[in-house]
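Each structure below appears as structure tokens.
You will see two complexes here that share chain A, one where it goes with chain B and one where it goes with chain C.
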Partner chain A sequence: MTVLTADGVATPVAAPPAPSNALLVVQNLTKHYGPVVAVQDVSFYCLPGEVHALIGENGAGKSTIAKMLAGAVVPTSGSVTAGGIALVSGRIKDARLAGVSCAFQELALVPDWTVAENLALPDGAALRGFSQRKSIHAATALLAGLELDHIDARALVSSLSLADRQFVEIARAITGAPKALILDEASSALGPPGVEWLFRRIRELTALGTSVIYVSHRLSELAVIADRGTVLRDGRVAGEFSRGNWSEDQLISMMAGREASKAFPSSPPLPVSSKPDVLRIENLVAEGLNGISILIKPGEILGVGGLQGHGQRELLRALFGATPASASKWMLGGRPVRRLTPVKAVRLGAGYVPEDRKVEGLALELGVGENLLAPWLKPFQRGGRPRLASEKTWISGVIASLSIRTRGPLENAGALSGGNQQKIVFGRWTDRSRTLILLHDPTRGIDVRAKQELYKAIIELSRQGVGVLWFSTEVEELVNICHRVVVLYEGKIADELEGDRLTAEAVVGAAVGVASPGVSQREIS
Partner chain B sequence: MTTTTAIQTVDDTRTRVTNLARIVSRMPRSAWPLLVFVALFLIGGLIRPGLLSIDSLIGTATFAMILAIASFGQTAAVIQGGVDLSVPNTIAFSALTFLTLIGPLGPLGGLIGALLGGLAIGLMNGVIVAKLGLTPIVTTIAMNGLLFGVLLLTFKNSELTVIPHLLTQLTATKFSLFGVKIAAVLPLGLLLMIVLQLILSYTGWGRSLFLVGSAPEAAKLAGQPVDRIRIAGYALSSVIAAIAGIVLVGFYAQASATMGADYLLGSVAAVLVGGASIAGGRGSMVGTFGGALVLGQVATLVAVANLGSNIQQLIYGAIVLVVIALYSRRARD
Partner chain C sequence: MTLPTAPSRAWNAHGVTRLRREGAVAPVAAFLVFFIVYVIINPGLLTRFQLQSAANLVVPLALAALGQLIIVLVGGIDISIGAIMSLSNVVFALSMEHLPVPLAMLAGIGAGLACGLFNGFLVAYLRLPAIAVTLASAFIIGSITREIMDRPGGGITPAFYLATSGELLPYLPISIFWLAIVGVALWLVLQRSALGRHIYGVGSSADSVRAAGLNARGAQLAAFALSSVIVSFGAIMLAGSTITGDPRSGDSYLLSSIAAVALAGAAFTGGRGSILGTILAACTLGLVGSLLFFAGVNSYWQYVISALIVISVVGVPVIWRTTYLAIRRVRS
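Right, the complex of A and B next:
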């Protein structure tokens, strides 16, 4: 165990005993899955009214710890006490009774239930009498109290955007007035205003003496919200920090175990190409989209900005033919398009990296190699091992160029970490003579190193003359890597930014519907 | 010093357990039902030593192969993420169509007619499930009921028994191999199994069945024609059920409207015991044959214990429940 001292030098020390007033005390927490060590000897504590951050790369054990605290996973050994009560039963209900509640990263909502029903779920409503009217009333009041008036308590959770689902998940965790609240990547789908909202809620809770465990990838958020924190690497504590005595570079090198920089690569100059425009679409209309016109040249990286739920998902799906759409003029790779389907889109040279890699991107039970080949299977060609053998060069090329950490093409895709899964969804389109790649926030919820590798790969695509349409929730990515950025607002293009005008302030300003900069700059820095 | 030794011992046992676990986890899924079958075969031998003979083995294998032929189509339907409960009456429909058509059209015409009938049934199942979005269970059970109506209306009280000689030769005739009498249906079924397994494992279409069954949305967004793959899966299922119908005619030398009834639960049980996931994306033809062997051995044991066929259905049902419970438990871990 190492502690980051004031001068930034990591020195090994013994784990200090938790102060007696600590609300949540974690000691030597260990979790093994068979021979795999997920978490080893992790100790930390959280005082009342304190925000304690848990950070680390994917697979560092953050989520496993969060799940153990919430009672969803039984620890192999070690102890968790909340307000003096020991929690090791592995039952979420016991944890909730002890005052510990959790907003899970893999949102634990019932998609086919309404928001109100989901919010009533933890109280064991099913066991008592359940009244739709009362629950909707209660849920509406609760949502209004949490500044979430835009979410309809009667709506099905499956009809909500990912960001709204995350709001509901957080609201549900807050409702029980918990003594300790665990937020596992709770901001991953939220745009800057959503993160602001989350921070207001956290401040309200900490003012009442609640302890908050904040699990996150976004280092910029920690500077604002975290009082103290623990850095994890490979399931062990790599270091600790407290407010004011750390820098992003230090944390990144602790997480990665080496010096790493957060610098963004810059986009390559646009190649002068005689090839036709990659995409030319005028007045695109679909559900949630209201007359969008876009032009992408070969090799151009066009960023799409905006808050969640303003039409980005719909735009990408429409451009890939996954949802019905129409346009007054639509050319893909120089050829006219009418009634696009995903099958046709792939044939015309498009590729799509969807939002939810686990459901929309991968067949988790199939191997890495077959997942890479998913778009390229043809009924009357070889498949399975003979195909893997004949595509060996391409597969190992993709694995090497994206540094996918896997035991080989036959390993199940479900066994990989999130960042590596994302690289498979991305990698299946590389070196396959594509003309347009559509990216739905590919760097969401993946670790720093994987992000850098994806940036490199995107720029390589651009260099090869592939057009890229890249929706990102991280404004920095848009500003630093893209050639040009369109910002969506209520299904329309609110602004198109290029050159000097392409700044973080302008992107965020257009995203919230105001032309002038100056809103929510904290998240951008 | 003593502490160190103690720790080492613990480590040793752990390594040994890990090694065993590794061997077990590397074993292909289709090997499990074969192991269970061997165990049941030995248990049978303990109960009655006479059962521990080659003849008894061949007898069980023949019974199992017929069940397996009826279940191969089901395997394809389950892998692509559905289930085909119209297998029983597709079998009967094909058998009766075949026997009706060989009069006017000859054996080849009968065969083609029966297979086309099966193809039409499968296409209908597939189009309704894939294009209209009805659940597979409801769609195929409705198709099963519909077919039964057609059978009763078209082939009134007919117990057709004029079987072409060639068909009997291909299925029921026994030949001698190293002094053991083997019914022709056994090698025929093995050939079918190998062909289908090769298609499933080594063709783009076979793999796309797994892709669609495992993650339909991901398959769609990878640009695969999901609906067409689904429909083709159901079509294959029904065509193989039609083949099974003709094989049954040849082997048992009779056909009736209710001849497929045993294969409703039987085919699902064989596929699931064979290691397929009822949620789709997993399964194999070899595994299904293994599953059929297990069920066949269970049937033999039931017969030896003189329990009757009702108890056999009860045991099949229990096996299906246990297998589904076991696999879904393993998937959660």
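Right, the complex of A and C next:
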């Protein structure tokens, strides 16, 4: 184990014993899945009223630790004690009774239950009466108390946006005043105001003496909220840090085990090209979209900003033909478009990386190679191994250029980590003479290294003259990498930012609707 | 995404919202239309005798469909429902020869419950697929049934016929009364108890239910047990109305129960389905045959008509939604 000293030099020390007033103590926690070591000898503790961060790349074991603390996974060895009670039973209910509750990364809400049912049902026995009316009253009061009035307690969870689902998941974990709260990537779907909301809740809880375990990828959040933290690498503790004595670069190199930088690559200069505009669309109307005009030149990276649920998903889906839409003028790759379908969009040179890689992006039971080939498999063509063999150069080229960590094209896509799955969804469009790539928050919930590799790949596309439309919830990505950013607000373009005006403050300001109306809906001509 | 806002308050009342969510508006409407057509073609339905015989025809099917619905709610399908029905029917009819009625009913329901627990244990705790488990158990239960009784018989008394299939009041067949009791009891369990909501939740997303700290497998097992009890009750009602125990009596109920659940708009992936919709769907399908008889159509067409009803009722909401969206797009 190493500890960062004030001057940033890592020095090895022995694991310090937990102080006697620690609320949550984790000692030598180990989890093996068969021969695979997911977590090895992890120890840390959390004092009452403290926010303890767990950081690390994907596959570093953060989520496994969070699940063991929450009782969803039984540790192979080691101990977890909460307020003096040992928790190793592997039952979520026991952990909740001991005062440990968890907001899971893969949201654990039942889609066909209402918000009220999701909030009320987890507590208590199965054999008891359940009143819809009472649960709705209780849930409405609870949501109002947590400043979540915009969520209707009667709505089905499946009808909520991803961000709202995350709010409900966090609200459920907070109810019942837990002694220890585990937030596993709880901010991944939240925009900046949502993150501030989360921090307010965390501060309320810590003021009452609750310990918070904060698992996150977003290093910028740690500076604000984390009191102490543990850095994980390959299932082991790589180091610890406490407030004020760390820098982002230090943490990143600790997580990656090598010198790395968070620095965003800068966008390449726009190539002067005689090719027609990649996308030219005027007055696009669809469900949730209210007259959007966009122009993308070859090689241009156009960022799309804004809060979740203001039409970004609908915009990308409409541009790929996945949802019905109409526009007064619509040119894709220089050719006019009427009634777009995804098949037609691919033929016209578009590619789409959807929001949910597991549901919309991949066939998890099929191999890596077949998933890469998915858009290129026509009904009456060879498939299976002969096809994989004939496409071998392309497949291994994609795997190598994106550094997808897989045992080969035949491995199930479901067996890969999130970042590598995302690279497959992205990789199927590379080197396939695309003109426009639509990206829906491709870096959501993936680790720093995978992010850097995706940034590189996006810039490479731009260099080849491919137009990129990139919706991101991370403002830094938009500001640093994109040539130009449009910010959506309530289905319209609230502002278009470029050059000096393209700053994080401007993007966030336009996203919450404070930009002056004069700049919205600028004519594109 | 929000549901389209409707002007009237009744349309947005809580119960109606749930009927809509559970896909039951179309089957309820279909039943009303069907009932009116039936009464126009055959006004004789509204006589005491015809009401009674129609009710006796429909109630066992409605109970079998409710049993199937509960399994569908947890994301499974029960192929053994006809076999369970035959077994309870036969066990009950045979017990009536020696035992008083309450004990005979307990024996019949107990036999069905044993089958349900067997299926439920294999599905919930050994995580075998429901279709394979219930298909296999259908064969096993079928053999046991024929071993117990290989030809129709048993000791069912005319008094029992009157208690299950007679009239409670003029124009109110007693079988409808029993069906209503079962329906309300089941509604209380599914909508007004935590266990019932767990059953819906397991079908919607078993992983999420587990992650909420709930006993997902217990809910699955409970669903199989509950289903088999209701199906056995249907078998006893069937034995009462035919005054015999018959080892093949349940066979025809397998496909009709699945058809009724499909007509009721339930999601076969689990988590969505309505009790009222299922009962009315079963009534519709159960009466198609006699409607054709009164309309003078060859009864072979019964299945074609049933199929058309299922497809159109399931299809109408889908077509409605697409046209609704298309109209809205044209307007904007």
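Just so we're on the same page, the second predicted complex is superposed on the first by the 511 of 525 C-alpha atoms of A that agree within 3 Å, B and C clash if a C-alpha of one lies under 4 Å from a C-alpha of the other, contacts with A are read in each partner's own complex, and residues count from 1 in each chain.
Note that a contact is a pair of C-beta atoms (placed from the backbone, for glycine too) under 8 Å apart; a residue touches a chain by one contact, two chains touch by 3 or more.
Because the structure is predicted, anything quoted here is derived from the model rather than measured.
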Combined model on chain A: chain C and chain B, fit or clash: clash
Which superposed partner A:G244 touches (first chain B, second chain C, both, neither): neither
Which of chain B and chain C A:P111 touches, first, second, both or neither: second
Touching partner for A:A374 - first (chain B), second (chain C), both, neither: first
Touched partner set for A:G84, first chain B, second chain C, both or neither: neither
Which superposed partner A:V359 touches (first chain B, second chain C, both, neither): first
Contacts of A:P336 with chain B and chain C, given as first, second, both or neither: neither
Touched partner set for A:P19, first chain B, second chain C, both or neither: neither
Chain B versus chain C as contact partner of A:G499, first or second or both or neither: neither
Complex interface listing, chain A residues touching chain B: 34-35, 320, 322, 342-343, 345-347, 352, 354, 359-366, 370, 374-375, 377-387, 428
Residue ranges of chain B touching chain A (in the complex, touch as defined): 18, 21, 201-208, 210-211, 214-215, 217-225, 229, 232, 277, 281-282
Contacting residues of chain A [partner chain C, same complex]: 71-72, 91-93, 95-96, 104, 107-113, 117-118, 121-122, 124-133, 154-156, 159, 172, 285-287, 324, 326
Footprint of chain A on chain C - complex, ascending: 1-3, 14, 17, 21, 191-198, 200-201, 203-205, 207-215, 218-219, 222, 271-272, 325-326, 329, 332
